[in-house]
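Just below is one structure, and these are the notes that go with it.
Should a chain be cited, it is by its letter among A, B, C and D, assigned in written order, with residues numbered from 1 in that chain.
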Amino acid sequence: MTITRDMLLAAIDRVAAAMERDFDMLNTADGALGDGDLGVTMSRGMRAISAMKDDLPDDIGMALFQCAQAFTKSSGSSYGTLMATGLMSAAKALRGAQSIDVASVPDLIAGARDKMQERGKADLGGKTVLDSLDYVSRATAEADTGDMVVAAAQAVDKALDDFRDRPATVGRARIFGEKSIGLDDPGMLAMRSVVKAATGQ
Amino acid sequence: MTITRDMLLAAIDRVAAAMERDFDMLNTADGALGDGDLGVTMSRGMRAISAMKDDLPDDIGMALFQCAQAFTKSSGSSYGTLMATGLMSAAKALRGAQSIDVASVPDLIAGARDKMQERGKADLGGKTVLDSLDYVSRATAEADTGDMVVAAAQAVDKALDDFRDRPATVGRARIFGEKSIGLDDPGMLAMRSVVKAATGQ
Amino acid sequence: MMKKILNNPEHYVDEMLEGLVAAHPEYYRLHGDGGKVVARAKPGKDGKVGIVTGGGSGHLPVFTGYVGTGLLDACAIGDVFSSPSAEQMADAIRVADSGAGVLRLYGNYGGDVMNFDMAGELVEFEDITCSTVLLADDVASAPPEEHEKRRGVAGMVYAFKMAGAAAEEGRDLEGVTAVAQKAADACRSIGAALSPCTVPQAGKPTFEIADDEMEMGMGIHGEPGVWRGKLQTADQIAGEMMDRLLADMPISSGDRVSVMVNSLGATPPEELYILYRTVKVRLEEAGATIVMPLVGRYATSMEMAGASFTLCKLDEELENLLQAPCDCAFWRVE
Amino acid sequence: MMKKILNNPEHYVDEMLEGLVAAHPEYYRLHGDGGKVVARAKPGKDGKVGIVTGGGSGHLPVFTGYVGTGLLDACAIGDVFSSPSAEQMADAIRVADSGAGVLRLYGNYGGDVMNFDMAGELVEFEDITCSTVLLADDVASAPPEEHEKRRGVAGMVYAFKMAGAAAEEGRDLEGVTAVAQKAADACRSIGAALSPCTVPQAGKPTFEIADDEMEMGMGIHGEPGVWRGKLQTADQIAGEMMDRLLADMPISSGDRVSVMVNSLGATPPEELYILYRTVKVRLEEAGATIVMPLVGRYATSMEMAGASFTLCKLDEELENLLQAPCDCAFWRVE
């Protein structure tokens, strides 16, 4: 099973639409534990990607590289930079490819997670987007290729459930300390929206 | 009839005591139409004069000159400078004298009024200490020397009554405009206390 | 209410001066026993005309801060928003005099005028010749017909600079006084206040204003302005301030003008720069060339929020004096 | 609530930069299409090591203001209290490079670190060599054992100055980086906040605090400090701040130290000078000689009230670099 360029473009459309839909939800969630700009960051980034969608090269690696740049250009917020970092990591692995082998997805996600971890200098378990990606990469690795889509969607939910009652220790949310207990991490919420939209769930 | 040096020293004691007594009253009155420091200005000035009282020269002119200096040194507020200006005017007129001829009092006060008017560049009728002095100089000029003391005391009251319902047009009180109607000018209140204490009323 | 960092409010000014002189001994020294006269640490050349100013505290860098080379020689400082005494002013004049006479250059406030006049009489006996120039640049404080009644505000910084440069050049008292008068006549200012400051000894704000209000033309001690109303946008505020200044002192094509966009205290430079955009457009529309714009905190009221604009119309002489070197802890021109 | 002078909050930073560059074209110019990179109007000598910084707006003169001779070459500016994008930082690095490499010198904030790292990767492809020094001088933000987690505050002004002077002298990237690191290591800061500021786009104060309260150790964006309690006197506040700084970086007899007494915005210079008295006494008690004390607004949070102290322990090299000439619209050393 492979993910084609067209499938990728369709996924971009779905994620972009989800980010418009979740604009307020993400801003509000980030407002409770940070500066309230996560909806702005995500919608800006996805709008920039949508705008250049038709001109994306056939080389999937190059295409993802340009998607990464859309994020580095449109925002200085942490999440945009982390998204760009993750996309760049996948871009490097896919340079020259015209499609993505589904079997490589768990590794691509794990690779993105690792690069993002390096970028953000934060440990796993800190209640961030890294934990969502970690859950997704493991769940997809354990699933059959046919079930990966469902496994990924379940993983982003499970990550939220597992971390909800733990305190944030990373990023702006860190300064809220114990007050962050019971509140979802905005970055994990955003990744849930991204994963579900990308996988069409 | 003459005012001797001893009479002058006794008057200084009475005025100094009155200024302690009226400290809050004058600050409050000035607080309503200005910066609330008139009690401070008057008590500081009179304390400075009291402190050097025993060393005042016999020459009444010189003595009044030193009293004037006590005011220029102890305060930068308008009233202190006006007091100093009035005292200096009398000091010049009395240079070399050992006592004051009561008959000259209306002219001494008129002279002080004029110098203070020059100093403050304000017209008579502006609801200030100048109006009090104007009333006193005229009332004493019209009175027999024996009645001057009573005439002076009545004049400072009458000045307050006549101006109470007019707006202030001079000094900080000016910015209160119409709101100053009905309120006594703090400088006129201070002059009433000074005149009544000086004349022992 | 704005919060203040202080000890005993009665000592606010003395402690401020103590710290000022301790931090900048190369610029300032206290003179006399009252402790409220600041003089240059390095006195001017012998035979230089002295320039003194004075006024209430709470306006740093005005007044004290501008004691320095190419600026003022001495300053008498009063309590917050209160005139210094005539004796202090006389002391400032004495220390500023090196035989060539002393210009008294200060803002048009009743108490200050009385005291500087009195101080002049005090030093007359000591054969010190004094001249006087009053700043009366606040267009909101009286109509043009009564311009001599106007209050003095930030325009005095231009007058300090230009007169200071003229004195440094070696001009005589008459010449320095003429420059100061020309500079004072060339300046027009207006302010807009957003929130008050607190006078330490009074312990309460200088005025009350609603959370969504501003006051156009308010004086630096909270003197009433020309209107109070809803807080406007930066462009509207700047536009009206420029309208009022240009109505009072028309600018024609080819004029050379310096402009000061001054924070009254709390308003940050970010917002001054937002205002400056409009100032520049309006002056350039009028055909003027802007010379050495001053954007910052030049004349303040402690932590008052708001801004003032000052236009200073230049001729060749004033422009050269503006650009001459000067040096104090708050302002340096090379 | 503090009132602000602005138009559309979304345009606050763009309009601020427009005004800054319009007012000071001799110092600053906008670079690139994003409009949020400021570079020196007169670029440094060819072959000079470039120094860039970056960070959120709202801290003038930090960061943008310190672009100038003997200071920084370029700065990437984000929205108020938000990191600039990695692309803007890359642009700042590009314009600062004249072949000798570029030092990234900025405060330790998560977003800024990620973006500057990313920017470094972007310019790596263009053969620009970068080095990094992070300021982490706020002693209230983490204990000494975790000093690398500390936030960067006003100490960065010393690092800008010293690294800038080293680059101006012609040292190479390694040399300039070493100086910056030494300066960063020599600085300790702490702040005390009295009232918040308002982020234009958020439209509400960064934190709430009662009328009679202060917070010791609060960060410049309102990050929690070490305690919140009744507003203390100036002497108490200064005493505790000095205690905390000296506990973190002991000063011994004979040490030479520069000290910055910095207003967070609204607090007027009058009050900084009141604080400075205690700073001076404490340093002199410890036997230190104070070199070039800086009292004023060097690193702010718009109209936040409060003050910060920074101690910078000097060796001969740092002292010479501190006193070397520099020039920008906000600071000039001769």
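Just so we're on the same page, a contact is a pair of C-beta atoms (placed from the backbone, for glycine too) under 8 Å apart; a residue touches a chain by one contact, two chains touch by 3 or more.
Note that the coordinates shown come from a computational prediction; the quantities given were computed from them, not determined experimentally.
Between chain B and chain D, the least number of touch steps comes to 2.
Ranked by distance of CA centroids from chain D, the top chain is B. Between chain A and chain D the centroid-to-centroid distance comes to 33 Å (mean Cα coordinates, whole Å). Inter-chain centre distance (chain A to chain C, centres taken as mean C-alpha positions): 57 Å. Taking the mean of the C-alpha atoms as each chain's centre, chain C and chain D sit 29 Å apart. Centre to centre, using the average C-alpha position, chain A and chain B are separated by 82 Å. Multi-chain contact residues of chain C (touching two or more other chains) are absent. Chain B has no residue in contact with two or more other chains. Two chains count as a pair here when they touch; such pairs are A-D, B-C, C-D.
Per the touch definition, chain B reaches chain C in the complex via residues 35-37, 69, 72-78, 80-82, 84-85, 119-121, 170-172, 175.
Here chain D touches chain C in the complex through residues 1-7, 12, 15-20, 22-24, 57-58, 60-61, 65, 194-195, 211, 214, 231, 233-235, 237, 261, 265-277, 280, 293, 295, 297, 300, 302-303, 305-307, 332, 334, going by the rule given at the top.
By the touch rule above, chain D contacts chain A in their complex via residues 34, 78-79, 81-88, 110-111, 113-115, 117-118, 122, 202, 223-224.
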